[in-house]
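Next, two complexes with chain A in common: one pairs it with chain B, the other with chain C.
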Partner chain A sequence: MAERNTSFNIILYNSVAVIIGLLISTGLLAFMKINPFDIVARTLSKIFADKYNIGEIFVKATPLIFTSLAFAFTYKANLFNIGAQGQFYAGSIAAVSLSLLLGGRVPRVLLILIVFITSALAGALVGGCIGIAKAKRNANEFLVSMMSTYIVNAVMDYLLRTALQETKAEYMQTDAIVPQSYLSIIIPGTRVHSGFIIAVLAAIAVWIILDKTILGFRIRAVGMNKHAAELGGINTKLIFVISFLIAGGLAGMAGVTEINGVQHMLLRNFNSSIGSFGIGIAILANANPIGCIFASILFGFLNVIGTTMGRLPGTAIPASLVELIEGIVMTCVIIATALRVYMGGKAEKQRMKEGGEA
Partner chain B sequence: MERTPIVELRHISKYFAKVVANKDVSLKVFPGEVLALLGENGAGKSTIMKILYGLYKHDDGEILIHSKKADIRSPMDAKKSGIAMVQQHFSLVSTHTGTENIILGNTKGYIPISAYNSKIQKLANEYGFDVPVDVKIEKLAVGQQQKIEILKALYLNVNILILDEPTAVLTPQESETLMAFIKSYVKKGNSVIFITHKLKEVMEVASRVVVMRNGIVVGERQREELEEHDLAKLMIGEEIVAPVRDSSNRWEKLPTILEVDNISLHDSKNTPILTDISFNIHASEIYGIAGVSGNGQDELCDVLCGLKKPDRGKIYFKDKDITDSSILEHNLSGLGYVPLDRLRDAIIPGMTLSENMLLKNSFSGKWSNKGFIKKIELNNYTSDMIEKHRIKATGPADLSGGLSGGNQQKLVLGREVDIGTSLLIFNQPTRGLDMGAVDRIHHVMMEEKERGKAILLISTEITELFEMCDVISVMYRGKILGEYRNGELNTDNLGLLMAGIRPEGL
Partner chain C sequence: MTNLLYRTILMSTPLLLGSVAEVFSERCGVMVCAIEGIFLIGAWGGFVGTYLTHNAFIGIMLAILCGTALSALYAFVTVTLGQQQVVTGTALNILAAGFCAFFQRVIFGVPTSPLVIDTLPILRIPILSNIPFIGTILFSQNIITYLAYLLIPLSYYVLFKTSLGLKIRSAGENPVAVDTAGINVTKLRFLTVLVAGSLGGLAGSFYTIGYVGMFTTNIIGGRGWIAFAICFLGNWTPYGVLFGTLAFGLADALSIYIQAVSTSSYFPREIVIALPYALTIILTVMRSNLRVPAVLGIPYKKDN
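Take a look at the complex of A and B:
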């Protein structure tokens, strides 16, 4: 009963926070002598008038689901995986290499399966290294994971300049992969691809692992009380490595959805902020895997609002407005979280004052 | 006899986020008396005193000092009104000397330290405190630190001294000195509020007793009407029957379950923590290790449960060498362990009761099927456990962090008794628990002994050791000072041994 109340409160507080955040950020448009109400109305009507634009919300949400899960998963073991960006790049490298190599030569379903597995492994490799550094040397996983992104980024740049560079050898990007290696479009007339369904399934799988299995139980136990878990016979170091392997694998799969679903090639510095947004989304979702789906869709929506506003004819709204909106909404959510905890304590106190019984 | 109280609390209530700490508490303190505030843990004794001392803000009610309404917002205000409190956990800077701690916050600019030293040493001598004030706190024994803490109050010339469970950390001899001080202090017209859950202390020193239970005052007794049985009943709300020890020494003929052979342990700085510890425990034997906290008992437990490996020596469990076995192997071989710090080492407060039952069983396959948790079976087991040990919870889905300390301990007890099919290790299992929970734990220990389990009981409570153990040894600075049959020692001798002194004739 109390638990249901809490999740209801989380949704209530977060929704109000998002609305306030949107009001504040669009309100800032008034400083540019632009009528915010008018702009918001025009933006929303533009988005909802077009199936393609609605579809974009889910296209943007797909990789965010993976990167937010990558943060949420290790968070349950009280570890901080700040390196989802690097794990995502590792997955992207694997996805593009295999698609270039095997595209058109093996059946599409088989190819996609292989690509998903190898990309997950590539992400897991990067994640696993962080986990091992933490387990063996007690390295600070926060720093190691953060720095690992730079390493993967450098490796990617190197590959884009050498082995993977396009045949024209002009830009730092790969050749386009062949259409036989694309993820199939699930809603005609949009860019929504089957990667979205896989992302949702991944979130459900993460929820099952964490909530229903012994492994998930051990991960949560280590996260909540390392000492007690250790005395319970759990090998905490092994849990560190496993958590990072799985988290890395999740982030790596975002590489497939982006390469085979959207970009169809690997570019330098592409999607450079989905790692950090994954962190914010996971926090917004209270590290709940199912919550990550909805929070990612919300951020996909914010993203589409921002880009659509920037493209409205006859206005001079800067494209950077997207980031402003996302930042302000995030801040509001964090304030709401603090407020919710405070109000919860206060309500409890009041209830007891009236209840009287000790 | 109408006297004017120097402090009066009227209808004080205090609510914390999850609990009512105090509800409509009223009490008076008169000059020249020792008021004992008696109650179980969680009865609200400390809270009401922390309100008086300005550490907590009360939600309802008022405080009167010298019949005038007082607004005490901080310990600073309290001290100005002549009230000081010695907390259960001392608030001393361990790298400073006694004098420096005492003048801390009451001095500024240039400090003539030697003048202060002699002034404070004089004050200490005045009250018969045998403590050097120019030595760093970290070099002092716990009993001496407490004296510094009391001197801090005396230095401010307060006339009401609140002592929160002052004897918890003391040896019996140190307690006696403290009691003598209290008596002499109140003779000068000062008052002491003595918070405790120990009846013996109340009987010895109190001029008046206020008994609290569940945040409210349940009774008040004058010195002349004090009666131990009556107080216990007031405090707990029900009668308690202590378990009877089977003193037939049946265990002597039974096989040895645990054999500790000459183990030693050093810390990272190469200081010895344990030195040549040897003892045996038979089936159906309760082996007690007495000692003041911090003499190596916790490290001994770490070694026995597999968390730390000894530098030297061997441990045999059921004739098998387990010195180098992992914690998991220990758990699976039938060794149950109730650690000292349950919130840190035994339970996960953020998890449900059933998840806590699973904590030590996630490898035994008891509640898992192909890697999935068998939730229904686990919940049924937990419900049985709640009923069996009378754990106050609504069901297996409650968070263990929401339970009281006693109920958490009963939860741990239930789990470990099932895991420990041959040996149970208890490290101060009753510390800080209410008498109801203590009683339950003692009964369970006796039952398990009857079932043939070997039991190691590490304790600082002399009465508990005499009540439960077949054999008692004393640990002092990482060494075993001697091993005695229950009956060979009396309280005084055991107290001396705990202080590291071997009494004559032993």
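Take a look at the complex of A and C:
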């Protein structure tokens, strides 16, 4: 009963926070001497008039599900993995290299399977290094994960300039992968691909691992009280490494959905903000894996709103509006979390008082 | 060689300001994880102020104001409301990036040619700047650099020789005791974060006003996080971070120098770009005898 009450409260407070955040950010459009209501109405009608645009919401949500899970997973162990971007890049490099190498030479299903496993391993490699640094040397994990992103980015730039560069050698991007290595489109007339289903399955798998297995119990125990967990015989260092390995693997898989599902090539500064958005989504979802699915769809929607607004004729709304909206929404959600805890504590006190008097 | 060392000092200036800002706030128990965003908004504020008024002083003031404003929001959420610092920092970093890009467009529209401002003039210190070698490296810098170096002994003095410094350090070691002594921990931390924000804003403005003369949204490129890291590596002392910033300033200067010189396309100049970040990881992993403030990152909640 109490638990259901809390999740209801979380959803209530966070929804209000999201709405307030959206109101504030659309209000900012007034600075551009644009009528916010008019522009929002035009944007929404444009999005919902077209199946393709509605599909884009799920296309944008797909990698965000993975990166938010990558943050949420370590967050349960009270660790901060803010390097999902780098783990995603590692996965992308693996995905594009293998697709270029094997595309058209092996059957599609086998290829996709290989690509998924390798990309997850590539992401897990980056994540695992962070976990080991934390476990062995007690290094500050969010500092190391943050820095690892810049390093993977530099590696990616180097590869894009040399080994992986397109045959024309004009831009810093790879050749397009062959259609035999694409993830299949699941809704005709849109870009929604099977990666979305895989992302949802991954979220469910993470929920099962965290909530229904011994490993998940250990991870949560370490997250709640490291010292108590250690006294209880849990190898906390091993848990650090495992959490980061899995988180890295999840972020790495986003590389497949983006390379084989959407972009069909790797280019410079590819999806450069999905890592940080993943953190916001995980917070919005209170690090609940199933919540991450819905919060990702919401952020995907915000993303589509932003890009559609930017393309409306007669306005010059910058695409950076998306970041502004998402930043404001995240801040509102964090403040709402504080309010919720505060109000919860107050209600608890009230109940105890009443109970005492009765 | 002289040029390289000159650039080392130049590039270490904002890192020094930023890491001293972190030393203060972290000694007090609060990690300013929004430092990247504070740098960025400072860079933007400095650019806008200078471009619109043609007065670098107003630009610097606006940068400090912007940095302080963002840190006030950060302090409100993390200190007053006691929320997760890493998470709040991430949110505010995104917010700052969106804010700067959006209002850059609001103010300047889509410019046909890049918007440029004059960078700060070099102030030659009389007599000292005439010393060969050292004079060029140390005493022919701009005003922000001199300020940054004056800040080191000043912040050492404040932190370790004054009662205010004692309060700040105690709030990061044993906030209950500080509270018992009748000092308002929340207020103390809030104000310290504001000071850190103003230093961070000044640091950010260095990139636009003091160095590049232009504003782009990726101008900071993780240097806020590096300042954050230097604070750890410098063991939370002003003199410790001085060494750290010089090392990173050298890496930064080297990286710019090699990028300018290297012509061969197969030479991995990305190694040089990644150098400061790799250095951070290596040093973080190597140093295990850090003296972390006891309650770093833990919000203080008064029991009542």
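Some points to look at:
The rule is short, and it goes like this: the second predicted complex is superposed on the first by the 350 of 358 C-alpha atoms of A that agree within 3 Å, B and C clash if a C-alpha of one lies under 4 Å from a C-alpha of the other, contacts with A are read in each partner's own complex, and residues count from 1 in each chain.
One rule holds for everything that comes next: a contact is a pair of C-beta atoms (placed from the backbone, for glycine too) under 8 Å apart; a residue touches a chain by one contact, two chains touch by 3 or more.
These numbers were taken from a predicted model, which means no experiment stands behind them.
After alignment on the shared chain A, the placement of chain B and chain C results in a side-by-side fit free of clashes. Residue by residue along chain A, chain B and chain C are tallied for touches, and C comes out ahead.
Of the two partner chains placed by the overlay, only chain B lies in contact with A:K349; chain C stays clear of it. By the document's definition of touching, of the two partners only chain B reaches A:H227; chain C does not. After overlaying the two complexes on the shared chain, residue contacts for A:T337 are found with chain C alone; chain B is out of touch. Once both structures are fitted onto chain A, a short way to say it is that chain B and chain C open up an angle of 70° at chain A, using Cα centres and rounding to the nearest 10.
By the document's definition of touching, of the two partners only chain C reaches A:S273; chain B does not.
Of the two partner chains placed by superposition, A:A90 touches none, neither chain B nor chain C.
Once chain A of one complex is fitted onto chain A of the other, the partner contacts of A:I328 are limited to chain C, with no touch recorded for chain B. Once chain A of one complex is fitted onto chain A of the other, the partner contacts of A:L215 are limited to chain B, with no touch recorded for chain C.
Contacts of A:M32 after superposition on the shared chain: chain C is touched, whereas chain B is not. With chain A used as the common frame, chain B approaches chain C to a shortest CA-CA distance of 5 Å.
Across the superposed pair, chain B and chain C touch chain A at no common residue.
Within the complex, the chain C residues that touch chain A are 73, 77, 81-84, 86-88, 90-99, 101-103, 105-106, 109-110, 217, 221-222, 225, 228-229, 232, 265-266, 268, 270-271, 273-274, 277-278, 280-281, 284-286, 288.
Against chain C, the residues of chain A that register as touching in their complex are 28, 31-32, 80, 82, 133, 137-140, 142-144, 146-148, 150-151, 154-155, 157-158, 161-162, 273, 276-277, 279-280, 283, 316, 318, 320-328, 330-331, 334-335, 337-338, 342. Residues of chain A that touch chain B in their complex: 212-215, 217-218, 220-221, 224-225, 227-235, 344-345, 348-349, 352-353, 356-358. Within the complex formed with chain A, the residues of chain B that make contact are 13, 15-20, 23, 59, 214-216, 305, 307, 326-328, 330-332, 337, 339, 344-351, 355, 358-360, 362-363, 368, 371-373, 375.
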